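So the structure is just underneath, and the comments pick up after that.
Letters A, B, C, D, E and F mark the chains as written, and numbering starts fresh at 1 in each.
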Amino acid sequence: MVRVTRRFEFCAAHRLYCREFSDDENRRTFGACSNPNWHGHNYVLDVIVGGEPDPGTGLVIEGAVFERAVKERAIDPFDHRNLNLECDDFKGLNPSVENIARVIWRRLDGALGTAKLHCVRVWETSKTSAEYTGP
Amino acid sequence: MVRVTRRFEFCAAHRLYCREFSDDENRRTFGACSNPNWHGHNYVLDVIVGGEPDPGTGLVIEGAVFERAVKERAIDPFDHRNLNLECDDFKGLNPSVENIARVIWRRLDGALGTAKLHCVRVWETSKTSAEYTGP
Amino acid sequence: MVRVTRRFEFCAAHRLYCREFSDDENRRTFGACSNPNWHGHNYVLDVIVGGEPDPGTGLVIEGAVFERAVKERAIDPFDHRNLNLECDDFKGLNPSVENIARVIWRRLDGALGTAKLHCVRVWETSKTSAEYTGP
Amino acid sequence: MVRVTRRFEFCAAHRLYCREFSDDENRRTFGACSNPNWHGHNYVLDVIVGGEPDPGTGLVIEGAVFERAVKERAIDPFDHRNLNLECDDFKGLNPSVENIARVIWRRLDGALGTAKLHCVRVWETSKTSAEYTGP
Amino acid sequence: MVRVTRRFEFCAAHRLYCREFSDDENRRTFGACSNPNWHGHNYVLDVIVGGEPDPGTGLVIEGAVFERAVKERAIDPFDHRNLNLECDDFKGLNPSVENIARVIWRRLDGALGTAKLHCVRVWETSKTSAEYTGP
Amino acid sequence: MVRVTRRFEFCAAHRLYCREFSDDENRRTFGACSNPNWHGHNYVLDVIVGGEPDPGTGLVIEGAVFERAVKERAIDPFDHRNLNLECDDFKGLNPSVENIARVIWRRLDGALGTAKLHCVRVWETSKTSAEYTGP
């Protein structure tokens, strides 16, 4: 089996907070990330799939197919959006980088032809990322 | 003369739009960046100063002095903020990366001891930056 | 004046050699880069323009305009091409990174609306680049 | 067990296509990568080995040994080459990034002293890579 | 389970050598790294933890908690230090990048709240790293 | 005129301090960088030269000539060294990144054939650099 990684980017605004928390608890837990006026990030998304390369083409997945599937399902819905306000995936779900990785997993799992989704990794900044390898 | 560059980062939400433009004109000019619900970026800030290194210390500017000045004047006011809503510098000024560079120049010019501000460069994404070298 | 940089990428095959040189001279001058069977690079292109930001929009140049001009004039003609065989710009001109920068300058100069082309920088590898700021 | 990664680079020309495919099928499957006049890349190679650090030296593998083995077996044969025309490994094998990773695995497996080859990762561009962890 | 990575940096001097080796053997094994007058690196440290995101906060570990634990236990003790002379962890232990990864593992294991330490990765240069995933 | 940049790396130990300063003044001025037991960095060196590309070869300077000159004059003397103890250039001169840039300028100026040295830029960390463009 060979694994293929493809990197994507999207920009979005978000806010971390729990409805059940007081303002103080939110500030204590999420720091400046709980700012009610939002802040944002350049998210970097690595999608990693695995499979047996086709004996003829040598490919695990055609580049254009990979590109289009991720663009349609995981970039366009979030790019230049407010994750809390505009994205149903985060209705009642805090858009932490951990949850973003899990949401994108659900959006991509089973949608990449014969290639099997192996890992979704999301970088929130150049210093912090979360990765999910499935349930 | 020697130039010294120091790199900083901040995250912020913003929106590009002109009050005088119709929604359509805003969308045509700024694309998805005009989304009224905001989006955001990890901004990277390069501050470049010039000066004659002190004959004794060999420094153009002490690291801690440089760090503190930029942090107080150009990072803390913007980090994890909504540039349009929370930052007076952008009252009536579109927070384009060009204007962010000019705003930060004004905030830092003359505030770096004997070192002379040479250039403020702001990266909005890994592919786009603006730099300003003064009026 | 503010300068705006936008980064692009293209992949291409090329070969460095002088028709007037013997094989030996070519090998001595260009090393493995003179391999008659070609080699290739992921070129990174930084296009830097300057101008006064529009008082209303705060932009030196609209992102979509910048993007399209460079894509049409400097990426599409070279991307996934053999620079020596398929690109007329390099008919009789060695596709050194220096010459690639000058060729792209000529292709972009005057084609970026009111923004003035300031510099074309081309990275051939992560360690080597050439930049041209005009005649 | 500790894993040690070492990064290498090589430049090469290649072309993706299947002899059994029509020109049209090749173009549909491989896009611009099937250009008969070749294109090329700066490949980045990560070789990852595992082992118990020697109790005295603290090393899994001596740096110079690691370096020389990979250089001789996986860099020199491909660097500044045309993978399709000049490299026997790709006789009848499409030089996709998946296949390049598998070819380099076969070249390095068992050739790194007491360190065990764990993974070969090849980046074709800054956005696409393949990794192989053995049969 | 979701994994979260956080990146840190520290600068340090060190020297690789074995007391039991002759100067010649040290030079043969460690090359210039055995220089008795020391050399140094900008080390990059990736700490990777795993856990079930809290259903309310969506976090595997609070950012500030993660940051403080690693800073206190793995950055402050080594940053701007001489690993051989000043750090007890390397008394009688060669400060190879392999051993640095294992030492940091021991310092962090069990100290990250409910998050489970998954991997410690240390980059000695941009080309060489070691990672340890526990005994 | 075209400018060509080539990037190099070296690792070294150093210490910042002034003989005329008390321990306290040194600590106040240089912080942890004044540690008497040394610390170190992975220095990144960008050497930028300018010239008219040769009409035949298209080169400002042959790659191998550029490489060898910098390696002999600016990498080998410092790589895996203690700048304060082992490098005469820093006898009585604080090895600040500003002074390292000036020292390397003096070592390279006039030694790059017909290419004219334009700038020496030295990165001490990924966040701090100094550049010198001559007296």
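To be clear about the criterion, a contact is a pair of C-beta atoms (placed from the backbone, for glycine too) under 8 Å apart; a residue touches a chain by one contact, two chains touch by 3 or more.
This structure is a prediction, so every number in the text was calculated from the model and none was measured.
Note that among the pairs A-B, A-D or C-F, A-B reproduces the E-F interface, with over half of its contact pairs the same by residue number. Separating the centre of subunit B from that of subunit C, both taken as means of CA atoms, is a distance of 28 Å. Residue numbers of subunit B whose C-beta contacts span two or more other chains: 31, 33, 126.
Chains that are in contact with each other form these pairs: A-B, A-D, A-E, B-C, B-F, C-D, C-F, D-E, E-F. By the touch criterion stated above, subunit A contacts subunit E in their complex at residues 16, 18, 20-21, 29-31, 33, 93-99, 101-102, 126-133.
Listed in rising order, the residues of subunit C touching subunit D in the complex are 9, 11-14, 31-33, 35, 37-42, 79-82, 85-86, 125-126.
Residues 1-8, 53, 56-60, 62-64 of subunit D are the ones that touch subunit E when the two sit in their complex.
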